[in-house]
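For clarity, chains are labelled A, B and C in written order, and residue numbers in each chain start from 1.
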């Protein structure tokens, strides 16, 4: 049974449809990420769920009730904003207590709950500070505490980490995941950062142009993107458009003109159609001479065009008869510009997308 | 370049002497003991300051000016705060046009506005002169109220408002408990700037005089055209002190950046 | 349009419509009607009349000179302020804003003390024996002009200061590093980038002078400008038709000048 579901929802902004016949559902206790480039509709979806936007058509069901017309302030959802949106004129304590006081709790109870929540986000002792006197990470934690203290039925995050620096971002996402799991709270999380989404989510929905391109467990999306868009978005930098395929047992034989390639079939239930091959720069391998180390098939001869140093590995642009491929490879002695090489496409890494 | 700097600073000094010199002179002449304005004065006396309080026309028009400016201010706030909020908060088609309409009273020559208000408000609509005066002052205060408040809303993150609503606050509660406290100094500054604009106004008020009704600037104007004693100089000093005080408060509230922004 | 926004804007809009847009529109319309017929007679009558043309010319002349003098005095002063130390800058800014907020009656009156027959300048000149009879300065176009420059100088200084503050000082440093002398850097970088501000300040001064009432009323004596002429027609002569025609002429000149100069400033604005 899903706790939340969007059914055939359409949202327009300035007479432009952002979402059209959009569907989404989420089970209790899960953390779902909406991932996609800016303008893909992920924030619109989140703001619709929160109640900041109204649907032109369709329904938003929550816990078996129709929430489509329920105003924001009656939803009891916690929202964590990209800009944190702390009340600048209120202290940390009053920020967190805001929602509780609106719920007419006794002041003693307010104090107890706020204090406990500030402990959870490790901000004990900061009660009297104003938001302006906090660091970015501390503000973020106040924002989370403020959203959590009302014991929301749903927690919503809008790019909460994008204003933090890299190290803090990693710590905070672990923190968010920990709190979410401890409290078992159903969560929708929006980000354009794939690593962030994959690391904390039970489910990831990759969005493009107001549609969900793929919704699955992070590991499934990471390995087996469903479409070219998803593949590109999550870092499959190389593509080969095949013109024929022949499924044989656990493998697929692919052809492009006279060239033959082999790819491994996907596990059951992960889709298996398409003629476009995709592979990550990290998964390609380069060899200095043809026919090295027992490899036969799935190779292309090429010439190194450009070599750049990435720190852990070198990155090469290799020109072949099927176009230019990007390859990342760790090695002591890098290939030089103009060197003839062989590009190897391991069959279990070559995936077919639509 | 040192030479150039010295010339430039001397030039600037002269510009400021031109700008402020007359105000200094007016202040000094206000202490003239004789009956005719002179510079330098022939002695020191406060009698013309006393005269202000003895001429009932000054006291009466001063009261009228204060009442009109305060009431007009209140009216302009009631109309202007929601408008400034809507113009800052929402993005919609026609927003720039509406913004221009709200700021247009400053574009229309004051004397033209004053005349048309006299012709239509008083003569055609048949409103009493006091009402015409109040409405006219509200019209000219509105752009200042809207501009200053909108500029303080520019720095306001409206996500804060959404945060309050997601925590269970109604729109009205959010406005009074979250938005208003955060633009309080902007609103106070808007009130003071609009007050000065209205209090010093001549162009509208000059058409809105009637039996027992006139504002202080108009009374001063009339007085100057008939008498040349230092009473007006004394009033000028009082007005300048008031202006300086309000300016100081405005600076405390929002700095001077508002004035240089266009 | 957003419904919530509309409700919030509506009271103000209705107020302005009733008490500004409608009266002004009706005033404009009324000038084209005489004895129930559509006509331009109201305007033709005016422009045939040498008296009005003279007043219009005086007004334009005074406004043009006022604008040029304000630019000439204001630009260097604003430039100096913009480059001054923070402390000096805030003091000079305060000293520029103070006159702006001070009553125009007070400011014009101060020039009556200075320019009058027994005023500061005349007594000084007579005392040192340069002249034996006081000069007629007060109640002339020159007095109006001095008063108007005094009235609007702070406005142009503050406007220019706004533009100069926004100017990226790195640009001047970049020009200097490329070999420009300080003067060349000013002429090739600072000046062109601040010209739009100078034009906008100029518009404000020109339109302000063109329509100012208090200063000409106090310092102009019998010398009329359009605004005092409008007042005279409306309040002394009770000729509402004439006053309306003048009002419309003032509106038209204001909007044409503002429109043209704004377009010019935008075209000159190198940032597009």
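The working rule: a contact is a pair of C-beta atoms (placed from the backbone, for glycine too) under 8 Å apart; a residue touches a chain by one contact, two chains touch by 3 or more.
Just so we're clear, the structure is a prediction, and the values are computed from it rather than from any experiment.
Centrality annotation: B (chain centre taken as mean Cα position, compared with the mean over all protein Cα atoms). Each chain's centre was taken as the mean of its CA atoms, and the one lying most distant from chain A is C.
With each centre defined as the average position of its C-alpha atoms, the distance from chain A to chain B rounds to 54 Å.
Centroids built from CA atoms put chain C at 58 Å from chain A. Taking the mean of the C-alpha atoms as each chain's centre, chain B and chain C sit 18 Å apart. Across the assembly, chain B contributes residues 93 that each touch 2 or more other chains.
Within chain A, no positions touching two or more other chains are listed.
Within the complex formed with chain B, the chain A residues making contact are 14, 50-52, 72-79, 81-83, 85-89, 98-99, 102-103, 143, 146-147, 150. Chain B contributes residues 1, 4, 8-9, 11-12, 15-16, 18-20, 22-23, 25-26, 29, 36-39, 78-80, 82-83, 85-87, 89-90, 92-94, 98, 101-102, 104-105, 107-113, 115-121, 124, 135-136, 138-139, 142, 146, 196, 199-200, 202-203, 206-207, 217, 220-221, 224-225, 228, 232-233, 236, 239-240, 243-244, 246-247, 251, 256, 259-262 to its touches with chain C in the complex. By the touch criterion stated above, chain B contacts chain A in their complex at residues 91, 93, 157, 159-160, 162-170, 173, 178, 181-182. Per the touch definition, chain C reaches chain B in the complex via residues 1-2, 4-6, 8-9, 11-13, 15-16, 19-24, 26-27, 73-74, 76-77, 79-81, 90, 92-107, 109-114, 116, 118-120, 123, 150, 153-154, 157-159, 161-162, 165, 182-183, 200, 207, 210-211, 213-214, 217-218, 227, 230-231, 234-235, 240, 243-244, 247, 250-251, 254-255, 258.
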